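Across the two complexes that follow, chain A remains constant while its partner is chain B and subsequently chain C.
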Partner chain A sequence: MIDIQNVSKSYEKIRAVHDVSLTLEDGQVFGLVGTNGAGKSTLLRLIAGILVPDQGQILVDGEPVYDNPAVRENIFFISDEPYFFPGSRAVDMKKWYKDLYPFFDTDRFDKLLKDFGLDPRRRIRTYSKGMRRQLAVICGICAGTRYLLCDETTDGLDPVMRQALKSLLGGDMEERGLTPVLASHNLRELEDICDHVGLLHQGGILLSQDIADMKLGLQKIQCVFTGEAPAELPGLEVVSHEARGRLHTYVVRSGREEAEAVFSQYSFVFYEILNLSLEEVFILETEAVGYDVKKFILG
Partner chain B sequence: MTSKNSSSDNFLKSQARLFGRRMACTVISFLVWFFTFPVGTCLILLQDGADAAYRVDMLSSFLGFRSWTFVFTAASAFVLAIEGISWLFSRQKVDFYESMPIKRKKRFSAIWINSFLIWLIPFAIFAFGTGAWIAAGGYLMPMVMADIGVSLLRQALLFITVYAVTTVFGLLTGNIFSAVALSFIFNIYLPVTTFLGRWLCEQFLVTDPTGINNLFTKMASWLTPVGNYYSYAGEYSGETTLVVLRYMVKKALPGDIRNLALFLVFTLIAAFLFKKRKNEMAGVSLAFPGIVPLIMILLLVPGMLMTGLVVGTILPGFTAERFVIWAILMVLIGMAANCLIEAYIEGDIRFAFRRFWAFLVAAVLAVGIFGAIFFDVFGYDSYVPSADSVKGGVFMTSQREDFWRLRTMETYDEETYPAVLVTNTEDILELGRIGQKALIDRDKNMAQTEGWETYISYVGNNDRIETRHILIPADIDRDLMDRLLKDPAFREDLYPGLGADPGLCAGVLWNNVFYYEDTLLAEGDKAPAFAEKILEAYKKDLEAAAFDQIADGRLCGILNLSCTAEGDPDGKEYNDYSLPVYRSFKKTRALLKKKEADMSVPDPDMIRSVEISYYNNAEQISRTYEDPEKIRQITEGLAGTDMYYDIPFESRDNKGINVLITWKKEKPEDYYSYSFRKGGIPGFVREDLEIAP
Partner chain C sequence: MGIIDMRDSRPIFEQISDWYRKLILQGVMAPDEKMPSVRNLAMELSTNPNTVQRAYADLEQKGFIYTVRGRGNFVCGGQDLVQQRKEEMVREIRVILDEGLSMGLDPRELALAALDTLQKSDGKGGQQ
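What follows is the complex of A and B.
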């Protein structure tokens, strides 16, 4: 478990992370979202032990991470700009990581290189940006660490590779309890992979919640009433209501069954309960706490 | 989850990883030392017409203790130190390395050791390999391995010191340009600033010929690794013997100890800075913003003083108006420099006046120092010791009383340099006051004073001598000069501190014992004490020594005497004699033996031939002897006490009777050179070479 306790970090006068408290449970995929400059990379670098917090502390399995090799053997950080030695090849990086990470799986590394179509003998500098990211992900997956921190890793990957990454992470989570932490400025990329999402804005955490809980607590109903639409829906907290002609769209804060029970009292020409996208959930939740999240999540 | 191999990051593995990562540095280091040692040796050995002495000299100059290759070592340390911490200047690399499961101090020390090995391994392989080759080839360097060993140890110390200093200043920065610039500046900072200090004092403290200069010269090396390494060095040539090597090691020791101290201190500072350095500072100009004002002041003060000096050379003179002009120019140029540096540090010209207070502090310091020296605020230039603190004084004169009688101006003459020792302290201090004031008036206040420039030395009650530059004005009180020159304690024979016997040479004005830098002194022997021993022991020989016996080489000391010329009863003409102190003298031999000098003579059974040469009226006559009996007689003569032994450092001269021995074993360069003296020459040689009895 990664426990972030009241962590702040500034670069001279620029406040990158401010009083963030989070708990990253094992076995979950944690997504960190936020715009550029929101503090995602800083927070990941703090978790990886690259930076020292100005305030607060970060404990990984109860131990501080900074300059603690025993803890770091269980953390692999994939930077937004992965570094490889000049002139090196994939096999050279394998050798490097194998010496450092005690559970590095060389057979799997070779297999994944083959599966991803990466030539292990080719100089990495001749790889495309996407190929370099793939290699970084392969290194991270094969390092055998319990935590995998990915900073904007999905950027530059094509949809097929993104899907492959998801399945790799899923497999490792199931097999050896991997806990991935993925940072991205794009909420849509994280939606179908994360269990828990934290939203960072201007160095602070706006929201941190299980996606399932978020979705379960909100219901989106689209309907066309046979008669006039009711002025209110008794027993339901309406988060938003939009009417286009006779088509009404409600988002209510309740369980699915509760919502169905209330709506069953009315007669409809058309009635449907829709799945809320993570993006919509975020927009609604953050608007509820006073932020116009569309500005900084969706651009 | 536990680690299955907790020692995975052991020393060898980490070094192997680092060698792999720093392959370019490793290859360059191998190439540098390969081209320096084996290739350089080949080129020397292949030179046509190079004699053995030349080869030994050339080979020693890069293999042994007097090697110039320390330049490569210092450069290697600088480059490897910067390269070793360069990952701290890139966020990408910081993320990569700092996320690895390696303890930071382990990484720091691993890189440190790796840098040292990158330098050491090729150096040792090629230097010792070349040494072994030379030794096996019989190229007259019996001590070559020890010589290389000493060189390696001293250069290793130089390497780690330069490395530590460079690392400290590199760690203060956040990008490669700043790292190189700041490390380079502070590696040479002290020599440059002391040079500046010397220049300032020379310009403005006109009566101090050597004092502050010497102080600055010493300081320049103390905090500078290369200065410490090279501080002992003189010009040496010839073969390195064990005695020479021991002597050199002792002589180099103070500088080496200073370097060791520097290494320890700077390594601790580097470790501290590395620990405290924040990784997010990668890419900025200075990683510790708090030190910016200090850096600014350290750079701006000497920079402004230098500006003042340059301006001063354009606008000479010591008036207050000129000082104001200089000060304004200094401050303006300093301010421009300050703004440029600030703009660079902040990466934005709008911040050019940030921390302007630091500039103001620097400006006040620079103008203050400049003004203090310019106006001699502390009275250094006009300082004359109090009468009760001195017991006498010396001033130099080239023409004695005649000078004053005739009132002629004489230029300084190095050939005759007599000194006048005066114990009438009031008069000598008065002369000092007049002379110093006259010099200050002439050099600073542009007074047209006619007079004679010379030096005056105040001899303190504690025998400490302070020498000042003076101008004795032509219109000086004649009575004062008469009193000085007729001082009852006036002795023209001695320069204080040496205690030589004035009866040694009739009419001696001044004698002194000079030593070559390579004089073989034992620890604790100071030059004058050693000289006295020699002087005492060989008085007779010296008295009997004639001018034509003087040779520049084959000596362990030179006695410089200025004697009244023969046949000049008035004692107004002088001859300077440089009398060699030879090993052949019995007591010198005993002394040298006591000091473990090599006194061995060749074994006649090992000799194939002996060539004896003699310059007779500038024409060289040579004879070669191969008869064992004659060889035996010659070597017996060599073993005698009346001969000159060949000792290190001497240059081949054409005045002695030289003996060149060729050994039986096939080593064409393996010779041993001696020179006979007095009765050591066998009769048949004397006849063959037509040497006059």
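What follows is the complex of A and C.
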């Protein structure tokens, strides 16, 4: 488990991360979403132990991560700008990471390079941008760490590679208990793979919730009443209500059964409970805390 | 594989669960046949194993599969389930009929549509 407690980090006058507290459970995919400059990379670097927090602390299974080799051998950070030594080849990087990470799986590394069609003896600088990203992912997967932090990793990968990456992550979660942490500016990118999503905005966490819980707690109902629409729905907290002609769309904060119970008291020409997309849930939840999220996470 | 459709608004676990429910009801998966392992299915679908796990829990709760500790998930015996699904379908058809009638659809037209379907499937025989 990664426990982030009241962590702040500034670069001179720029406040990158401000008083962030988060818990990342093992065995779950944690998605970190936020615009460019929201503090995602800084937070990941803090978790990886590359940066020291100005305030607060980050504990991995109860141990501080900074300057703690025993903890750091279980965390791998895939940067959004993968770095490789000048003039190095994939085989050189393999040697380097093998020394750093005691559980590095060299056989798997060789096999994945082959599967991905990357020549281990070619200079990495002659790789394309996408190939360098693939190599960074392979290094991360093979490092054998319990946590894998991916910073905008799917960016610059083609759709086939994205699927391949998700497939590798899924397999490793089940096989060796890997916990992936994925940062992205795009909520849609995270929706289908994450168990838990944290929304970072201007260095602070706006929201951190289980996706399933978020969706279970809100119901979207579309209906046309026979006769007049009721002025209010007794016993239901209405989050939003929109009427287009006779078609009413409600979003209420409740479980499905409760909502159905209340609505069953009315008579309808047409009535339907719809699934909310994660996007809609996010918009509603952040509006509730006073933000208009539409313009910064949907792209 | 056509299990997951990103444009489908149903949650992914539900899409996986529905897919296998259909296969089991149609008899494509036989009773006591082994379900794919969570790991393999997650990798094949490029999805989160927790999502697959949730789909399996859903199928188990609805009585379509059973779990043997340490060995995996298996398809339950089918007859009860098929019967159950048939009853469910009759209820669904009634709901659709009600809706059609309330919209002023001619009951004779509905009856003819039903007969037409029956005639077309005649000779092919029911699968169940």
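As a convention for this text, the second predicted complex is superposed on the first by the 296 of 299 C-alpha atoms of A that agree within 3 Å, B and C clash if a C-alpha of one lies under 4 Å from a C-alpha of the other, contacts with A are read in each partner's own complex, and residues count from 1 in each chain.
Going forward, a contact is a pair of C-beta atoms (placed from the backbone, for glycine too) under 8 Å apart; a residue touches a chain by one contact, two chains touch by 3 or more.
It should be emphasised that the depicted structure is a prediction, and the values quoted were computed from it without experimental measurement.
Engineer: So, does A:194 touch the first partner chain B, the second partner chain C, both, or neither?
Structural biologist: second
Engineer: Just checking: does A:277 make contact with chain B only, chain C only, both, or neither of them? Give me first, second, both or neither.
Structural biologist: second
Engineer: For A:163, decide between first (touching chain B), second (touching chain C), both and neither.
Structural biologist: Only chain C; A:163 stays clear of chain B.
Engineer: Just checking: does A:146 make contact with chain B only, chain C only, both, or neither of them? Give me first, second, both or neither.
Structural biologist: A:146 contacts chain B only, not chain C.
Engineer: Between chain B and chain C, whom does A:27 touch in the aligned arrangement: first, second, both, or neither?
Structural biologist: Touch partner of A:27: chain C, not chain B.
Engineer: Between chain B and chain C, whom does A:103 touch in the aligned arrangement: first, second, both, or neither?
Structural biologist: After superposing on A, A:103 lies in contact with chain B but is clear of chain C.
Engineer: As a test of reading the superposition: which chain, chain B or chain C, is in touch with more residues of chain A?
Structural biologist: Ranking chain B and chain C by residues of chain A touched puts B first.
Engineer: From the superposed pair, tell me which chain A residues show up as contacts to chain B and also as contacts to chain C.
Structural biologist: On chain A, no residue contacts both chain B in one structure and chain C in the other.
Engineer: Per the contact definition, I'd like the list of chain A residues that touch chain C in the complex.
Structural biologist: Residues of chain A touching chain C: 27-29, 162-164, 166-168, 170-171, 173-175, 192-195, 212, 215, 274-275, 277.
Engineer: Report the residues of chain A in contact with chain B in the complex, numbered from low to high.
Structural biologist: 11-12, 45, 48-52, 67, 69-70, 72-77, 79, 81-83, 85, 92, 96, 99-103, 146
Engineer: For chain C, which residues count as touching chain A in their complex?
Structural biologist: Touching chain A from chain C are residues 4, 6, 9-12, 37-39, 42-50, 54.
Engineer: Could you pull out which chain B residues touch chain A in their complex?
Structural biologist: 1, 3-6, 8-9, 13, 17, 20-21, 90-96, 98-104, 278-280, 289
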